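Letters A, B, C and D name the chains as they come in the text, with residue numbers starting at 1 for each one.
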Amino acid sequence: MSTTVAATTQAERQAYYERIAAQRLTPLWESLHSLVPAQPRPKAVAALWRYDEVRPLVMQAGAIISAEEAVRRVLILENPGLPGRSSITSTLYAGLQLILPGEVAPSHRHTQSALRFIVEGSGAYTAVNGERTTMHPGDFIITPSWTWHDHGNPIEAEGGEPVVWLDGLDIPLLVHLDGGFAENYPEAEQPVTRPEGSSFARFGHNMVPVRHQVTDPTSPIFSYPYSRSREALEKLSRHGDIDAWDGVKLRYVNPATGGWPMPTMATFMQLLPAGFEGRSYRQTDATVFSVVEGRGTAHIGETAFAFGPRDTFVVPSWQPLRLSADADAVLFSYSDRPVQAALNLLREERL
Amino acid sequence: MSTTVAATTQAERQAYYERIAAQRLTPLWESLHSLVPAQPRPKAVAALWRYDEVRPLVMQAGAIISAEEAVRRVLILENPGLPGRSSITSTLYAGLQLILPGEVAPSHRHTQSALRFIVEGSGAYTAVNGERTTMHPGDFIITPSWTWHDHGNPIEAEGGEPVVWLDGLDIPLLVHLDGGFAENYPEAEQPVTRPEGSSFARFGHNMVPVRHQVTDPTSPIFSYPYSRSREALEKLSRHGDIDAWDGVKLRYVNPATGGWPMPTMATFMQLLPAGFEGRSYRQTDATVFSVVEGRGTAHIGETAFAFGPRDTFVVPSWQPLRLSADADAVLFSYSDRPVQAALNLLREERL
Amino acid sequence: MSTTVAATTQAERQAYYERIAAQRLTPLWESLHSLVPAQPRPKAVAALWRYDEVRPLVMQAGAIISAEEAVRRVLILENPGLPGRSSITSTLYAGLQLILPGEVAPSHRHTQSALRFIVEGSGAYTAVNGERTTMHPGDFIITPSWTWHDHGNPIEAEGGEPVVWLDGLDIPLLVHLDGGFAENYPEAEQPVTRPEGSSFARFGHNMVPVRHQVTDPTSPIFSYPYSRSREALEKLSRHGDIDAWDGVKLRYVNPATGGWPMPTMATFMQLLPAGFEGRSYRQTDATVFSVVEGRGTAHIGETAFAFGPRDTFVVPSWQPLRLSADADAVLFSYSDRPVQAALNLLREERL
Amino acid sequence: MSTTVAATTQAERQAYYERIAAQRLTPLWESLHSLVPAQPRPKAVAALWRYDEVRPLVMQAGAIISAEEAVRRVLILENPGLPGRSSITSTLYAGLQLILPGEVAPSHRHTQSALRFIVEGSGAYTAVNGERTTMHPGDFIITPSWTWHDHGNPIEAEGGEPVVWLDGLDIPLLVHLDGGFAENYPEAEQPVTRPEGSSFARFGHNMVPVRHQVTDPTSPIFSYPYSRSREALEKLSRHGDIDAWDGVKLRYVNPATGGWPMPTMATFMQLLPAGFEGRSYRQTDATVFSVVEGRGTAHIGETAFAFGPRDTFVVPSWQPLRLSADADAVLFSYSDRPVQAALNLLREERL
């Protein structure tokens, strides 16, 4: 036997490939470079959705279909590089959900984890595990994997307003992992069994119930109000704790573990002081940003995206990002960092 | 404002969908059921590769291309449900690699984790981190994420034989996560700096070096020899520890953490005593089996697959599996269970 | 050889014991029952210190010695069952520290962890790691192991008042573990490098700095203000979450890990609504209580201790405790529970 | 108010101390330096027990009392610095246990963790959780906290011999923590329900049962045979992996967690090649050594202790240790390192 392989023609190889295909075999050596690339080559591309362009379409959805018929009346922000895949990054989903006064989005549960980041309007609620939480712009709300949840927008004496939030879910990840389960609740709304604020009182004050056992990786706080997050950022900004890449950036934590609020998605909020000119960095967790306040520019790869309040933009894996702010800007963001970290794949490079 | 939405025609909706598509928006309500299914609907299907059919094609590959030209001379076992995706399950890759006496598969590293399960032949080696380990049928060998590794089949005085192993990698998962990085080593073979058996001596005896700090989730043992695994199964089988679903089933562990040997792949070995008629179960981690010894049948969903030594078969996510054995059978298997577990998605159902 | 041992006289045994004593050997069988008891037999006893009796003595200490000369002007609450051991339980120390307006307790550090629970007075501070935190009654403040810390009571324009707090340390534990190290800071006061509130802004709002790495088990928040803890208890009490043994009881957590605020001491705060008649329980972690508000009775073993504001009492290991409240009562407490838990020794029994 | 304290005489202070003593109060400032020392000042001292001196006394114990009457016929190695405390270090106990052919040490359980390191003789067994393990010199055997265990030395056809082992327990630690519970089994011997070797087959081969859940911190392997540990040390020694302080040193691990084999005690085995002249180091975990093979010297602080086979010696906390070997020496050792580590107190200094 010898290591010398007689020269084979491409035609011979092609014939061989067809022969083995019948046995459901393919040659690795023809695809090795694309399967095992030198560095990430995401199909997702950088993109920004301007809220002033998107908002009218969201409102029109309110006339096209009811929340009840739609179950969830959401316009998916679909990455142009991932057509037909209902994805904003390879693993994440983003959509703008509208709920009008008087509507209810009926109760169901699924293994997909979901976050709601309130973009416009107040007074709607999300109900999770028998407790409702009222929405205000900038609030970050969780509906944990496999928990019943419904949304509503009650008509109060004083009227009501349309409420729009950004839905962030791990739908594409679970499609890929074949891990999706779902069920509908027998009623449109689950019964309310605990007063609003119960979860926060039990877990939100750097204290937890003495006999609480952590059995679920998802945070037991399901609302992180903007007022508190904004206050923390403001204070640190005044203290001058400004990072050259991030400005002032905090990550939300599960107070019962110190870990991520959900097992598949990390969430962040950061403040870029007026005049901030950030340095460039890249990381393997593609990230979706939602602008809360202020104006600035996101340089993603070679492209500059001007952003303003309520805009959404996405940064693909390993694309350099550089942020700057004209006025004090507050950005919420989410990514699949817990997945990357749990699998020991997370890489970051500060340029 | 009211919750009543005027009836809209399908045509009106379609026009709306086209309008929003220009803004890279799509309606969730048209795809909700496929995105958030009631239970997993994997595209992967059950399949079995008979070694007596596959082996001749593997050997022909040795005449079609050299190991050096191919870099890795592997025939990918491609799931018929995932054509063109070089995948045996949605997240995992499987291939049969051939290395002939005198050949070297050159050194490189990548973030993909890899396992080698030796199917046929002895005397080849895998080198990892400056240490070689010699292959024997049934051995389970690891090449951890981002470590230099090369394979060789030295021609010794006594000749040599072709060696074939099953490669198991998380390639499709890393494609999906946009987490792939790779580099070639400047030489075909990395230098050998430690004698064979060093890692096992340091970590294989239920003892570890006193100052070892765990910084990597991958097992520091990179060879789990068949002789030892077989002995454990044999002993437990004689003790009568037979599970009605699994027979005698052990999972390989990282001795420095008690966890999985790799952060993305679990590996198992089980013994089904002759006459075993297992009960049915299903789990969300699609699993690839390689038969080491014995004969039997794998009932996957509605299909029965007879298996014999060196065959490979795959069980998709959430498909019921029932195993039986005509003669004492030993099965090696691997799945993405660590991923499912880390993300809190793992479900199992014993029927 | 045989298992029959010839009858030996007590005198023969005694002679043998003396013979082996010369080799530093003693017979286990003479002490087995006391070394390995059927259940804990703590030397510590239940005790209560009435603040109205103790306060005058604390204030006299201010005339006996200066804070600077004393380094720490503290009256140790010494358990009557542990005379001469400066201990309130077998592992814990408690003392009342007084600092008068204008005084400084000079900066040092030690491996002992310390908590300060403010009993009386406002306006003094503890400085830790370059940041000062101002004390108010009911605040729980940490000085972590091996961090520089000093205390002061600045004379402001408006005057000032004596401030008294309960010091809780793991001194007896570290004596037993031979684990104590200590150093004095070259100056009386460490430099202030961060504005008050920095740590809380970074870690107190269920968010943490995005690049924070946990390297220390102690909480990065070093003040847990009473106003917030009280608010949480109040809310839960109104919601009716009353446990039959504990009333409403929360434990303080390290927000970066979800674990105990210090590696050796757990801290708790609970509210007993007026009229609460708790059920009896016992646990292996002896516990020190400090009364913040209200009046009631602690039944410890066979003894009833009436308690009022600012009193301190101690419950030994495995002694049944039953709490009742005449008026809404708030109790702070601390124990060595993290030690018991880490060593898998914690037992609780609800009677 | 002012920080100036009028000069007080020592007599005035003494009168004050007496006054406060009536309220169970003592002044910290009189004892601060001994309570919070600059570095550990252990009461335990370095000591060595020569087996040729101790062995005759151990054998005499066999004539003084039966195993059954004694329950455990053990001579405690009592540290000369800790008289009357049945302790070899402040937290650990060491004793030499003798069991004669035909004897049984009756079954009981306690929360104290125990290790048995076999010093002399073969053929006796320890039974834990329904499984017996046969003892050979150099084997390290565990009886986990709160598990039934008994020891026996069956008279086989071929006779039998006295078996002596070193008992290592955390008795003084549990006395201090008030954490001891104990119970006797109704019979002298617990029933045998699993064949010898079951636990090792399930956990000893770097594999664990697929459905095993870790619920106990103690290792599920309860015997670590000397033959395997010796082989690992031998191989590494030949590979030249010699540390300048430790020689070749491994720690035993719980294969289900990678952690210590018991929550309160670490165990180690090391090989010092003939001619080894180690460098000096000190650590906060006082350590007990048992010599398996070889001869050498342990320099502890200022004292040199010559050691030979089966000798026992103890190194107090923070005492410098320097080891040298005349002939290849194998040392087993144990300490309270898991306690020091869990409480973040462990310090090591290599000199």
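FYI, a residue touches a chain if its C-beta (ideal position, glycine included) is under 8 Å from a C-beta of that chain, and two chains touch if they have at least 3 such contacts.
Please read all numbers here as calculations on a predicted model, not as lab measurements.
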**Asked** Can you list every chain in contact with both subunit B and subunit C?
**Response** A, D
**Request:** Would you identify the chain whose Cα-based centre sits farthest away from the centre of subunit C?
**Result:** B
**Asked** What whole-Å value do you get for the distance between subunit A and subunit D if each is reduced to the mean of its CA atoms?
**Response** 52
**Prompt:** CA centre of subunit B versus CA centre of subunit D: separation in Å?
**Reply:** 42
**Message:** Roughly how far is subunit C from subunit D, centre to centre by C-alpha average, rounded to an integer in Å?
**Reply:** 30
**Complete:** Shared-interface residues of subunit D (touching two or more other chains) are none
**Asked** In graph terms, nodes being chains and edges touches, is this line, ring, star, complete or other?
**Response** ring
**Complete:** Checked against the stated definition, the touching pairs are A-B, A-C, B-D, C-D
**Asked** Which residues, counting only subunit B, touch subunit A once they are in their complex?
**Response** 1-6, 8, 12-13, 16, 19-20, 23-29, 31-32, 35-42, 44, 47, 49, 53-54, 57, 60-80, 86, 90-91, 93, 95, 100-103, 110-112, 145, 160, 162, 171, 173-183, 216-218, 263-264, 284, 286, 316-318, 336, 338-340, 342-345, 347
**Request:** Report the residues of subunit A in contact with subunit C in the complex, numbered from low to high.
**Result:** 194-195, 197-198, 201-202, 204-211, 214, 221, 224, 228-229, 231-232, 235-236, 239, 241, 243, 246, 249-259, 268-270
